[in-house]
């Protein structure tokens, strides 16, 4: 027995044991230090792995099995606790490493700010990159209480980086008036309240493009994801979110990476949120990695 | 610093600091002493205020911000614990005071019986008053286990006061056979199971009328509001309830007051119910107060 | 007072006090020893009874009251704890006893394996028996980790017994690839993801047939039933499940028995799952027993 | 199989199947309608039975097994929901029936008011009756918010019935000033804060006397019993409470009945309170019934 | 009715309605933004008020009633969310205001860092000030992850301000090696693990001194206070903490202010922690304000 | 970056990154398939790691820091789900591997049965091995419901292996009469109810002996460890358990391995049990590995 390989108890179900010959790397970004309302998403990735034991390895939606996609669960990126600036640097460096090795990066948050350094790394490799963003919140602030590194700012930072016209937000139902105005004035796409129907309209326009997909679990109604920091009623169902993932899978978009963020287990004693997240990860894996 | 004004930590987000120049008064009615199944709604108003910190002050549904509506969170009405008769008298007196000052009353329960004394005060000012009632339960009993002051009786009392033909109930999915029969025989309107579609039919008939709107949080499916005394599956989604509030906002009805009742925090460790209630209060404020 | 009849505190609401002149017998099967992921359904039946106190005895869906159907809550079948083989034998023997007395058997689980011995007893009495199965999972394995008596196998066993062409599964969204293939190759009906619409198609084909209906509570989305062992997002709403029960009630199918399984209270601190289950039991009673 | 005897799933572990030849009758009194702070004890008895499955039938404290004491779990007394006056009459009548049949009554609450009608029945049979009362609260009010039938009044009523000099309270750490004064002026014994040591002093004085023992679970510190209506820190440990039960068992007191009240499961998602209550019931059975 | 005074529903039980003629001011400091492990104490003060309704107004420990001490619950200090520097300035300014009016300040946290600005204000008024500190943690770091304003640093800052020889810590069971060493080398008093016995030794030495008392609820064992950010087993019981408060009350120390911090309700669904905190506040009020 | 070493997010705090030069190996045994009452301990090890982030690396009890003991968290042993026989073989093989490499094995359960294969491996290396066993339960059954591989049997199996006279049980408060008798008749040591005092007597007798220490978390009172399968009141405090670990540390016993089992996170929404377990693991590491 090789003990360095023995740590299989708490990896995502079906994880391949070796990094080298895996196509996808699954990793956690256990950071929540800029959260304004209810923290706790630092514990999200570990819990998602824990509950993945309850999943089947086959998707009847996609008629595909996990063994058809070699992926390696690399665990959580070791982040310097309480230091957003350094955390962001480490995430960017980590993703750059993955991309150099031609891995498909699939991340688990952590707060939404983690998507920002991921996109910085992605954008270097894919200069025509677009982003599909599913969320209850705009996340378009320039700062929050004076703090530019905040869970309320990542999409704005990304828009500034890749151009607002390459940002497509879906399911948005919360934000400041100024955020919606900024988006409108700068040609950024926002689909309010709904995800699936507007997505069907947008996907053909993105055909052939390199696209990163970031999903904030709070795009779901709190009924479907009570375990998150900022619950906001009026969201979509898990059925609609699954269908949206599958719609992307069946589209001609070239998905080059993705993440699922803001699972905060403490607020959900039934653990339905973590279980749902683990199924979403499975569908993202099976649907987006060809 | 004036200490009497210092109590801003636990008011509803965006509350104006002064009563005098506020248009709306928001108040709690922390009473649950006649509840038959699972009590706890006495703690509802305080929890709704607590979690309102997680709200944005802007509604993308209505394109309006809280600062456009001056409202004063007056806290909870001090009610004599365990005495329904005196509680009811105090609520009526309190609302009468608000109406004399031309305030728009917006209440948070507490059990549903609190709507009864509110309506008594409202009816004196608005003799042509109608009520829109969203609820899982008919609440049309004349008594419960021999007690006329019961959370099962308020709508019946209101119907007796303003005439059953002025009572419009929506979303009803639970009650005794006799209650449904009484409604039918007395010309009271009941839309079973649904809210939004029947509301669209009724609202034009109420155009120009003074209308009070009372929402029992259990009109929502337990998936969307587990934190209430009497959960009853088969209810509407928070999306439908939001749309119903907005439908009223866009109608020609003259909303003169409203309440949201039966939030019982102990049954919802995720606090989604209180969070949802706080968003509903925001939408009621922004949508119904012109 | 006769003390043997005194045990009315923890029976399902409205239960008739005597076995002899009751048409229906309601019983619990508190077994969960073969569960693979999250056990706890052994405590389901007791909790469903406990919370049934919150129910009205009238169904506005069916315009019928519990007093119109005489049923006897016989409590839980005493099962030898930890012994699946003997448990199964006892359940079969118990149901055979009920059928000899011409009772309509209505069961509460417990894990889904309990439906297997019930079907063995039913099949002896009704040789043309078909089964309607609502579930998130196929339950078509021949064994689980080498164990033939597993909560993953009951529908397969039933299909082997009554013929796969007499098994109709609805709402299925999880299973191994091999299970779906087996069903397809053997003429078993599976409606993936949906229940109500496919049911409307199938029911006319079953007109006049003796049908047993087994409902795994996890056919509901976790939002509607967090209190179960294996939550799996993307499920149906409680509204759709109620409508499906009512669709069967209005059909020409001859329902001869049924069960509701897999309620595991520990995972739902709001108790919405048990409350929902108690309402489903009421609707099954009022809808299926003529 | 005789179905009237089939209800063994939800009885207290080791219950004898027949009333007639049992020495002890165990019964629930699922009433909490006069509770002032946090209700829910109506669900106590059912939960205590549910979790008793986790108990061993042997007590290493007393070196005695449940099979050495024949007892019959008669279930919950059917109480008219919401009617304290009639509930009290039914309890008294029920206990009188048990006493006529020479049963040892062992009750599970429900709120503490249930002990009052029990004592009325007991006192008729045992005119020299004394009571040992373990509780956090004095329960000596004459009324609560004007209501004489309140969970704050039972011990006062009992003191008025059997004479304050026959009432021995232990562990008391909460009450109004007037209650403590009344006790002092009327010769009633109150041991503040402690149970075991003062009990050791009192028991010899009660040697040979008929004694009823009532235990409010909140005599325990909330650490040991969070699942109760009115938690009050500074209480005793479960070790001290067990030792107190055993001290009574070893004394020369003639215990003629007892109860354990105020278990409210909703406030304890770990269910330690119900589990603790079930062990206390076992020790009361094994220790007090010779 | 004067509506500015109407906010009595959610104040601490027995609060006097006017600031001017109150001796004590009770206030919340709802800040937790520097917390490293599990945040949530921002919601502590509101919850403590909410549950205080379950308290008696009389202390049998001190034989004193709340009406004997006039205190005004001023609500929470409005703190700029997410800005520790400005929060600290506002707290200091607030306390200075109270002291100028000769009020006894009694605070509820919030994270422990809030005690630091309170002490700055106190020290200006009482130059011979000593502090009694009960806590599981040393809180003597100079910074945490590079941040000087951290919940791990307040006692160090206080020691630097008033001199380490005037700091008396009790119940400490967690900290870095360097923290314990610094205390030792600088003449600061630390009683490891225990509170009551070492307190009895220290109190006589502080006779006549002006003393501020700060209690971190996590000095209690997690069994007694699960609802806090950093639970750490091996703590004292609520009985010992109550006795320690009473020991101070009976001593010749001149208590000039105090606080109770780190109650984080989300981690305690039974709410025993908030209930315990409300009783501790009552005893602090009754014991320390002559 | 070497990705195989990146998995540092979910290891026990302070874990050394390499197996080879570590003295201790910490591993999980996520098995609970023979549990009779409330399962869930399969999720214990992962949760203990998760919460270890809240620990300080220094022990003020032992004046020692984690960096003084090199240990490697090897993750969970991959166990064939649902197969006790094969699980046991794999555990034995795993431990044998560790012992061959001269590692100190420190395990986290999982159910108590896991200690049995560990002891089989240990006994081969240490023929004079004794075991110190802290537990609420005897675990001396020969079978449970006919199953020899049960969480009720491990200590009996161990006694049969190493001789009952080498088994020392402490804190026992639950078991069948026959189990206590067997222990007595066969010279096995059982200290009922208490741990620390009897341990002080026994340790000198074991001086110089190779001793394995197994701690079932339920030796703690449920107040201190609600998150376990079979809670049983009347247990010891976490203070006493810590003191017992330290007593062993200061003794002349040669501790050669140990484990901490039966943490079941689902039953403890406050997570105090997992937090307590993580501190116990730290003290076991710092105290027992010289």
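Think of it as A, B, C, D, E and F in the order they're written, each chain with its own count starting at 1.
The rule is short, and it goes like this: contacts are C-beta pairs under 8 Å (C-beta built on N, C-alpha and C of every residue); 3 or more make two chains touch, one makes a residue touch a chain.
Chain identities (UniProt): A, B, C, D, E, F = Agmatinase.
A quick note: this is a predicted structure, and the numbers were derived from the prediction, not measured.
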Do the two copies subunit D (Agmatinase) and subunit F (Agmatinase) share over half of their interface residue numbers, or under half; same or different? different
Centroid of subunit A (Agmatinase) to centroid of subunit D (Agmatinase), CA atoms only: how many Å? 54
Calculate how many whole Å lie between the centre of subunit B (Agmatinase) and the centre of subunit D (Agmatinase), each centre taken as the average of the chain's C-alpha atoms. 41
Taking each chain's centre as the mean of its CA atoms, subunit D (Agmatinase) sits from subunit E (Agmatinase) at a distance in Å of 38
Multi-chain contacts in subunit A (Agmatinase): which residues touch at least two other chains? 38, 53, 81, 221, 223-224, 266-267, 269, 271
What graph shape do the protein chains here make by touch: line, ring, star, complete or other? other
Chain-chain contacts, ordered by label, are A-B, A-C, A-E, A-F, B-C, B-D, B-E, C-D, C-F, D-E, D-F, E-F
Where on subunit C (Agmatinase) is subunit F (Agmatinase) touching in the complex? 36, 38-40, 80-83, 144-147, 266-267, 269
What residues of subunit D (Agmatinase) sit close enough to touch subunit F (Agmatinase) in their complex? 53-54, 56-58, 60-61, 63, 65, 221, 223-224, 237-239, 242, 269-272, 275-276, 279-280
Contact residues on subunit E (Agmatinase) for subunit F (Agmatinase) in the complex? 37-38, 172-177, 180, 192-193, 221-224, 226-227, 230-235, 267-269
Subunit E (Agmatinase) - residues contacting subunit B (Agmatinase), complex: 1, 3-10, 19, 25, 27-28, 30, 43, 45-47, 49-50, 53, 72, 74-79, 81, 93-94, 97, 266, 269, 271
